[in-house]
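Below: the structure, in structure tokens.
We just call them A, B, C, D, E, F, G and H in the order they show up, numbering each chain from 1.
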Amino acid sequence: MKSSNNKKQLLTGNEAAAEAAILAGCRYYYGYPITPQNELVNHMAIRMPQVGGTFLQAESEIAAIYMAYGSAAAGARVMTSSSSPGISLMQEGISYLAGSELPCVIVNMQRGGPGLGDISPSQADYFQAVKGGGHGDYRTIVLAPASVQEIADLVYDAFDLADRYRNPVMLLGDAQLGQMMEPVELKKIPRTQQTPRWAVTGAEGRARNIIKSFYPVKGELEAFNIRLQRKYKVVEQKEVRYEEVNTERAEIILVAYGTCARICKEALRRISGTGLQIGLLRPISLWPFPKEPLRRLAKKAKAFCVVEMSSGQMLEDVKLAVLNRCPVHFYGRMGGGVPSSKEVIKKVLNILAPEESTLELEMSEISQELGKGLYFSTIP
Amino acid sequence: MKSSNNKKQLLTGNEAAAEAAILAGCRYYYGYPITPQNELVNHMAIRMPQVGGTFLQAESEIAAIYMAYGSAAAGARVMTSSSSPGISLMQEGISYLAGSELPCVIVNMQRGGPGLGDISPSQADYFQAVKGGGHGDYRTIVLAPASVQEIADLVYDAFDLADRYRNPVMLLGDAQLGQMMEPVELKKIPRTQQTPRWAVTGAEGRARNIIKSFYPVKGELEAFNIRLQRKYKVVEQKEVRYEEVNTERAEIILVAYGTCARICKEALRRISGTGLQIGLLRPISLWPFPKEPLRRLAKKAKAFCVVEMSSGQMLEDVKLAVLNRCPVHFYGRMGGGVPSSKEVIKKVLNILAPEESTLELEMSEISQELGKGLYFSTIP
Amino acid sequence: MIERMILIGYGGQGMMLFGRLLARVAMLDGKQVTFFPSYGTEVRGGAACYHLIVSTEEIFSPVVEEADTIIVMNQPSYLKLKNYLMPSSHLFLNSSLVKEAESFGEVKNIYRIPATEIANELGNVVASNMVMMGAYNTVKNLVPLPLFLDCLKSSLSGRKAPLFEINKLALLRGKEYVKKVYLKGEKTLEVSVV
Amino acid sequence: MIERMILIGYGGQGMMLFGRLLARVAMLDGKQVTFFPSYGTEVRGGAACYHLIVSTEEIFSPVVEEADTIIVMNQPSYLKLKNYLMPSSHLFLNSSLVKEAESFGEVKNIYRIPATEIANELGNVVASNMVMMGAYNTVKNLVPLPLFLDCLKSSLSGRKAPLFEINKLALLRGKEYVKKVYLKGEKTLEVSVV
Amino acid sequence: MVMVRIDKELCKGCELCIPFCPYNSLNMSRNLNEYGLPTVYFKEGHPCSGCRHCAVMCPEAAIEILE
Amino acid sequence: MVMVRIDKELCKGCELCIPFCPYNSLNMSRNLNEYGLPTVYFKEGHPCSGCRHCAVMCPEAAIEILE
Amino acid sequence: MQALYRAPETLLRVPTHYCPGCGHGIVQRLLAEIIDEWGIRGKTIGLAPVGCAVLAYNYLDIDMSEAAHGRPPAVATGIKRVYPDNIVFSYQGDGDLAAIGMAEIIHAASRAENITVIFANNAIYGMTNGQLAPTTLLNQRTTTTPEGRNPLTHGYPLRVCELLATLDGASFIARTSLSSPKNVLQTKEAIKKGFKTQIEKKGFSLIEVLSPCPVYWRMSPVDSLKFIEEKMTQTYPLGVFKDWGKKEL
Amino acid sequence: MQALYRAPETLLRVPTHYCPGCGHGIVQRLLAEIIDEWGIRGKTIGLAPVGCAVLAYNYLDIDMSEAAHGRPPAVATGIKRVYPDNIVFSYQGDGDLAAIGMAEIIHAASRAENITVIFANNAIYGMTNGQLAPTTLLNQRTTTTPEGRNPLTHGYPLRVCELLATLDGASFIARTSLSSPKNVLQTKEAIKKGFKTQIEKKGFSLIEVLSPCPVYWRMSPVDSLKFIEEKMTQTYPLGVFKDWGKKEL
């Protein structure tokens, strides 16, 4: 038994998220089963009673997010989790959390969509998470881990961010990250929750507190929105996270998060020694998005290539950051398709061969293969 | 009594939407009350029984969207409507409609958010509507009327688009458009619904039909997604709608939709004769977005200025279309604030005075005024 | 010509009806028109505020930024009107309920109509809106009165039909009052052409 | 070294347990490891497929694109393995259930283990997974057997403790079988170092 | 002696207090408060048993009863 | 004569048909179908009244009863 | 002079936004009275719904939270699980509780969630201008049933107390009305019993209050009370539908 | 030879995805039998839920639609309003119907929506690996109640028939089981009665079927039937809870 792995546990991403939440002082968890995040619910059911916390299986995702709203209003560290369809049902609640400035950690282990779709991994909820699938001008801090260890680390941090900014924080994983087992070390310091002064606790000996998002007096809602936007500016300045791999001399820079980023790293390893100069920028915070690093890299790179398990969602943020400074290519798989490192390499070689068109969404060749000859029923 | 107004009715935008739907052959309406779209629900309650149609007040927005799903699956023209928080609750359902390729018209009369917010006009659900607030890689066709007459015309067209592409279509209005009364002429030809061959009607004398979005066999979901993306490409090629005003010689081009576009037109009228060359591009389809016209205009204009009742959402699509070819400015009001034509003119003059920074989101001065001295509570 | 109006009062004071009616009559009279409510809130009981624009040209912004006419029905509403005033604005106050606390600077055309009292005397407090209509249209001559009365009549159908006479009376009383107190035999003003 | 494995079988055949156990033992043995299920569907009853990577270096992609080892437990699963094959792959088939319909081209290392029959003989059909483990580890020597048995024992606690012996036995039978039929006294293969 | 005080700024003239007074001691005034709503008043000199019916019914808590 | 046919490819060996046979005429075989599941068989020569209990209980509709 | 009746201190002295004669004002006043009488201002946490009572926190001087339309029971659960010894109540209308929030109320009750729900049933959607509620009476006209509620299209009036009383987790379920001083005082007693249920950790309590909405009933406030007595109680009989206390006596 | 029993034609001859001994297979077969016997394949429209029965449309040769988790009653309503003369049924699990879909089922029933609901109660979430359902028995172990269901934390078993029977719009409400051939045949009769209710336009019908999930009950299929007879029917007694037909006789 080698010592380096001594403190490690072999956990699924879902279990690691649960353990990290407990470490971060979260003692309230409300959730509803949905594959591929069931291990999170199931694990919380076992662990919360052990640590004196509350596990409650809600009657729906809507109930879960509003139970979380309640515990957040009461000043407690609280978490909920789901996967794509369930997260769609939480959109009103997330907008309410943002509108009431309540801290809350929400985990989305994305699966293939739209609709019922499938349970295989996907990154097609990027827009929903990052642009805001709910109503109104709000922002959710979105963190995208790429390993089980990072799930643990980011869930822990998510609670701090949520409290610091009184804002919901989403951990955006996928079916693969949620269900994959890897060794994890829970290395951070256990925390206990301090009840903030704005919480509803019973107004014993003090002026009452009110938690609300309703601003019916003309001008108040706009003033509140301005305050929110200022807060978001601060987050954008302070909380950007990303990883760079071999970007120093890279001609082509891959941009990918989560599972896709790992596959890109595999691609980098495969071509190391070939003389090809390929780098990777891995956004860890999807909102705030690492715009500045991309702009910096755009000055020297030849091209970017965004790799996603979607039709090209983060692609838009990359383009917005890079603007016209550099061509931005795309390689995507959809609906449960996971790109392989070979496909990524093929795409990169393709970019280096100059006959290609730039800047437009390009469907993966494999995908085109799959889609070939499909009956296109809908246009008369 | 002048003849030109002879055939006109004085209707609210909400009522006009209802009347146009009936004209388009819609005989099924499911809805749930919420200000500022109550007149639509109330009007349907009166009119549907008169035309032999079904009006049903659902128990919630979720039930409403799934009742609509049912009638769509049965092959009927069907509509539902709500305003921001209610539309958030429909996100799962909209993803299911897109995933099952069901035609359905959804009206969102946007109000101030996030959370409960207020009932005043807003355009802060743009991301939700255009990028997809639900899960997965789907698209909703989004139409943005700017007058009560246009509400009637676009609702009528929305049904055709929904049927043609077997896809949900959203009409994105706001509190002002929904509640405003203007003269309307219902000039299009009344339609009756033809039951499409894919609908569930009882499989009398034919092979059964199945409506679903579940693709559990590996590869099928991806193939389906590719088919969807192809369909969306066709929509992007064929269904872009926009209006241009005075863009020929304009130095600065305003970009605005809906209520904001009308205010921009007012601003244009106010400065006409001053020698200032200002134009307006008004997107009518928000998805597909009029990228090409913007790119064309970017070649000769000095700058763009996006005007929205949001913190800058359509702004991103304008930037994505324009890229670096031309600076893109922004003037926005939030949370129920409606820009005035004077504010727009002031902003334009400001852009023409070169000391300003470009490309970054700029909060309106009035907004800054309002927000001044506000307690920024959340960052310890 | 363009007439940009703000109507503002307590929820129950019939300003919605007043505005809709005026808009409809103007439409039938061949004008362009926009009318919309700009409530403060989702809640009951607050002040209700309506923007009405009547024009011979296409109306772009339906929002009244500077009002040609403002009609104010009660005290809390009175406090909200200042943003819309121009020196040339015509201001109609329901003097039964509005206690003026400040001056209106350069605004010349102020008409104080005891609309609630007049309506009360007629035995229907809600008819105060028609008192104001009578006064307003007499001053600004926006719509032909016979057409207005036609529309008023058809809007009060069925159970409400008996209310027509009292509303008509209220309208005439408003007309008389404003003539007597403010116009004193002058010719009524022409609608300003902008 | 890196060992990239695919385990594939019917839901009830214990491949999940097998994979988790192997992953855990490899971790305790100081290796890097990733293990994940790649079900086809949200539904019951289909083939369950697991990707397991054990490596001395950091593992980037957890997805096995080309497998060093594939273990196939039944007929429907058998049909799904072709994508992962390389000429150098080691293929372990549960020959009790897999009726081979096609050849595997250049693949040399094919081990046909009647795992279900062997397990049935031991009186526990589910232990077929351990028969495969015995055969597999004998050939590829991925983990130290004593450590594996320790972990197996601790994973079968409480009510399940009595199952340890039968599982251990199944493992040994798998080992014996593969030695007898395939290795015939040869030294077992070294794990390939990539 | 029992005194009934009605807060004119809170009273909305709903009249819910009136029918339950055993002495019929409450009445609507024609005075309007600043919202334009009529308010209720205690008929000067009328009896009051302090039964509180009026206060119990008042949605605005506009009624105070003093002894 | 009544004959009971069991579709081996549909049968999942759940045994729900077995206990309700009044003649105890059904039994589990050790043969597995291609999923690796054991299946049920009709004991050759055993009586069958055609009571249909077995078919009524079968979740897979794997049983056919012929006369 | 000494006060025979004085508005409770917990009730803030500001004009409410309710229409004249609205029942919400009465119920809110009762809540404030109980909080004063029992001295529980410091440990009571209230939930305001989305509905005409949305601004309840403007009137009650206690810690309060908003809840989205239909979700007060879920939010209350989230609060109560953090402070099991506080008194947590939700205030809900019939649209809120019986339409969009039906799943949440049933499950809070079935979970025996130790909270008290004040359910103001006015058989209408007040806030959104008078549409059909699940509790609208047969033949009652609303903006969405202009010809009156027809069971063939719009279904039947939903009796919440009868429904919830079938659940094991529901401990105290009662229906009262605001139609007279006697009934108002009974409402107060029922709310007290609800709070007592909670304080003694006996599980879920709900008090349905038949409450006038004169504006959308299109009646005077006084006629509204008659409507409650003569019409509404026919469909919604007053009474206690479940009472843990009874079992114990 | 002539068939004493032959699988119905409406049941497609493909292996199901259900675990061995799962009750869903039995109920689906019964549906196919009725459709065959009555010759109503051409006018029947089914709703498949999200749950283990999600792929029901792979087995029944009729027009079918998917509905999102919990929403079959709403989707069925949308279909039925378009085709009032067709037979529209939804098939739902206990998670689907009694947890997330509680509002929809109550309102469909209260609206007297003329549809038939087949409610497969297996006291567990089968599809997502055996979590607590609203209908899980007290002390029953599930993945989310590893120590057994404790009413203090997880609430009480929810009796759907008893709940819905309080609603005026519900016309036929019955609970049956799959624990024996006799009970299976009674289930079939109850479903027929449900369809009859609908055909005669009498309003809402629901048949709750106590159905085994051997895998997540961690029992053999045969023991599962015993569990239904001995344990489940204690909490969920079989019977007819509401019957318009009775009134008429």
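Going forward, a contact is a pair of C-beta atoms (placed from the backbone, for glycine too) under 8 Å apart; a residue touches a chain by one contact, two chains touch by 3 or more.
This is a predicted model, so every value here is computed, not measured.
Under the touch criterion given at the top, what is the topological distance in steps from chain E to chain F?
The least step count works out to 3.
Could you tell me which pair, B-H or B-C, is linked by more C-beta pairs in contact?
Answer by contact count: B-H.
Can you check how far apart chain D and chain E are, centre to centre, with Cα atoms defining each centre and the answer in Å?
For chain D versus chain E, the centre distance works out to 86 Å.
Using the average of all C-alpha atoms in each chain as its centre, how far is it in Å between chain D and chain G?
Each chain reduced to its C-alpha mean, chain D and chain G end up 62 Å apart.
Using Cα averages as centroids, what's the distance between chain A and chain F in whole Å?
52
Where does chain E touch two or more other chains at once, residue-wise?
35, 37, in rising order.
Quick check on chain C: which residues sit in contact with 2+ other chains?
Only 41-43, 46 qualify.
Counting only residues that touch at least two other chains, what does the list for chain H look like?
16, 18-19, 54-55, 66, 68, 99-100, 102-103, 107, 127, 134, 154
Where on chain B is chain A touching in the complex?
Result: residues 62, 84-85, 87-89, 91-92, 95-101, 110, 112-118, 120, 122, 124-125, 127-128, 131-138, 164-167, 198, 212-216, 218-219, 221-231, 234, 310-311, 313, 316, 319-320, 323-325, 333-337, 363, 367-368, 370-371, 374-380 of chain B touch chain A.
Within their complex, state which residues of chain H touch chain G.
Listed in rising order, the residues of chain H that touch chain G are 99-103, 106-107, 110-113, 134, 151-152, 154-159, 162-163, 166-169.
Can you tell me which positions in chain C touch chain B when the two form their complex?
It comes out as residues 20, 23-24, 27-30, 32-39, 41-42, 60-63, 65, 147.
Quick check: in the complex, which residue numbers of chain A touch chain H?
Those residues of chain A that touch chain H are 32-35, 38, 41-42, 45-46, 49, 55-57, 59-61, 85, 115-116.
Going by the contact rule set out above, which residues of chain H touch chain B in the complex?
Touching chain B: residues 41-45, 48, 54-55, 57, 61-68, 71, 74-83, 86, 103-104, 107 of chain H.
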